[in-house]
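In what comes next, chain A is part of two complexes: it sits with chain B in the first one and with chain C in the second one.
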Partner chain A sequence: MQVKDLADISFLKVLSDDATLDNEIKDLYTSDLLSWVMGHVHQEKVALLTVLNTINAVAVATLLDMSAIIFCEGVIPTDDIIAKANEEGIAILVSPASSIATAREIIKHEG
Partner chain B sequence: MNELSLYLLDIMQNSIKAKATLINLDIIKNIDEDKLTIKIVDNGCGMSEEVLSKVLSPFYTTRTTRKVGLGLPLFKELSELCEGSFKIESKVGVGTTLTATFRLNNIDLPPFGNWVDTFYILVINDEDVDIKYTHKVIKNNETKEFVFDTIEIKNILDGMSIKDFSLMQWAKDYIKNGLEEIDAI
Partner chain C sequence: MAKLTYDISTSLENAGYISSKIKRMLNEWGIDKQIIRRVAIASYEAEINVVIHSYGGICNVEYDDKELRIEFLDRGPGIPSIENAMKEGWSTASQQDRENGFGAGMGFPNMKKAADQLIVESSPDGTSVLMIFSLHPGVEHAS
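Up next, the complex of A and B:
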């Protein structure tokens, strides 16, 4: 699955540059404790679902070679987060739904 | 890091990497004010104003193996999440002082975790680095205090290594009992 496939889900909105649309997503991970994410994500190209509106989320995504961050529950990332994510080639998406509801929809969409 | 002890390990290891020979660690659990204060003062090489202005950015690191440095940014984030504050001061050739506060009853404040073992890892990490650890508990206007000072311990040991196995067990029990006595953790 690629980021552009997620754009087909009606309630998901991509905020990062078009260059991130081709990012491949191999798995999803949801957590709101970044240090926990650092210790438990052992795969590349994961999409992180979180409500943590912080530049540290982009740093962790960079460290772990993640492909996307999906800010859930209506959290809108600040401009500096989006700019840094674009610089690092990480897709930024937003969802009004909870992390689990968003993940459920993505899994359903993937078939 | 889901334990405060792991944050402290990471940050105090920064002091050791900065060639500190003395680290003062003060932890104050003020139940009356619902506040936890953690202060780390080292006499390491210190940081220039330029480095200090970047050190809280997760995309700044002195490491060459990766492009992000998350120890300080995550600790700062945790203190803010727990309705506290975070301050870091540094001067080249003098050292660095870090002060973080947390609201004790904040639901997101992680536990200390295995603090005794974690602290002792720091003690034996480098025998040339001395650590003066003071833990205070303030309750009903009464202050109880536990102090573990490696300079004092080394004086008593008179040349025996602080890494000696029999001593390690004694020291860990001493710290554990001392902290339990003042209801620190």
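Up next, the complex of A and C:
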């Protein structure tokens, strides 16, 4: 699945550049502890679902070759987060729903 | 061995800068992706520790065609117990660091898992974290 497939889900909104729409998503992972993400995500092209509104989330996503960060529960990432993600080619999405509800919707959508 | 030295800024916004630099360098060298991933994880954790726990420090990167040695040196205040720091879940991170997503107590456990060798020394004057990675594991080099 690609980021643009997620854009079909009505409550998800893509905030990063169009160039990130083709990013491939191989799996989903959710955590709000960055070292936990560092130690437990073992493949590339994962989308991270989090409420952690910090530029360090982008640093972790970059180092782990993640394809997207989905900020959940209505968290709106700051402009510097979006700018940094665009620079690194990581998609940024926002969801009003919880991480679990968002993940459930994505999995359902993937069918 | 070639050697590079980086200053580590203690501002959180720049955390990850040095690990990203090292990662890019290894990508350019065409190093195996799994090794790059391990180096990225270990160096990020060590860099974050310097940023959130120390008064500042430097990072030395030394390498030849077989081995990469990354050393983080800070100016204190030291780790109260290295033994505890190696345990998953143990952390001295502040409330503010925790709100920023740090303080999981996974830093050293992640470094230990990711690096081929990890050597930590600490006193109130400073901490040194040396991580050694074999760049071509399984390949015997004739000396």
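Here is the rule we go by: the second predicted complex is superposed on the first by the 111 of 111 C-alpha atoms of A that agree within 3 Å, B and C clash if a C-alpha of one lies under 4 Å from a C-alpha of the other, contacts with A are read in each partner's own complex, and residues count from 1 in each chain.
The rule is simple: contacts are C-beta pairs under 8 Å (C-beta built on N, C-alpha and C of every residue); 3 or more make two chains touch, one makes a residue touch a chain.
Predicted, not measured: the structure shown is a model, and the values here were computed from it.
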A:I55 in the overlay: touching chain B, chain C, both, or neither? Say first, second, both or neither. both
So which one touches more of the residues on chain A, chain B or chain C? C
Taking the two structures together, which residues of chain A meet both chain B and chain C? 33-36, 38-39, 54-56, 59-60, 62-63
Which residues of chain B touch chain A in their complex? 1-2, 6, 57-59, 66-68, 70, 73-74, 77
For the chain A and chain B complex, residues of the former touching the latter: 33-36, 38-39, 54-56, 58-60, 62-63, 84
Interface residues, chain A side, partner chain C - complex: 32-36, 38-39, 44, 50, 52, 54-57, 59-60, 62-65, 80
Within their complex, state which residues of chain C touch chain A. 12-13, 15-16, 19-20, 23, 33, 37, 40-41, 44-45, 48, 100-107, 109-110, 113
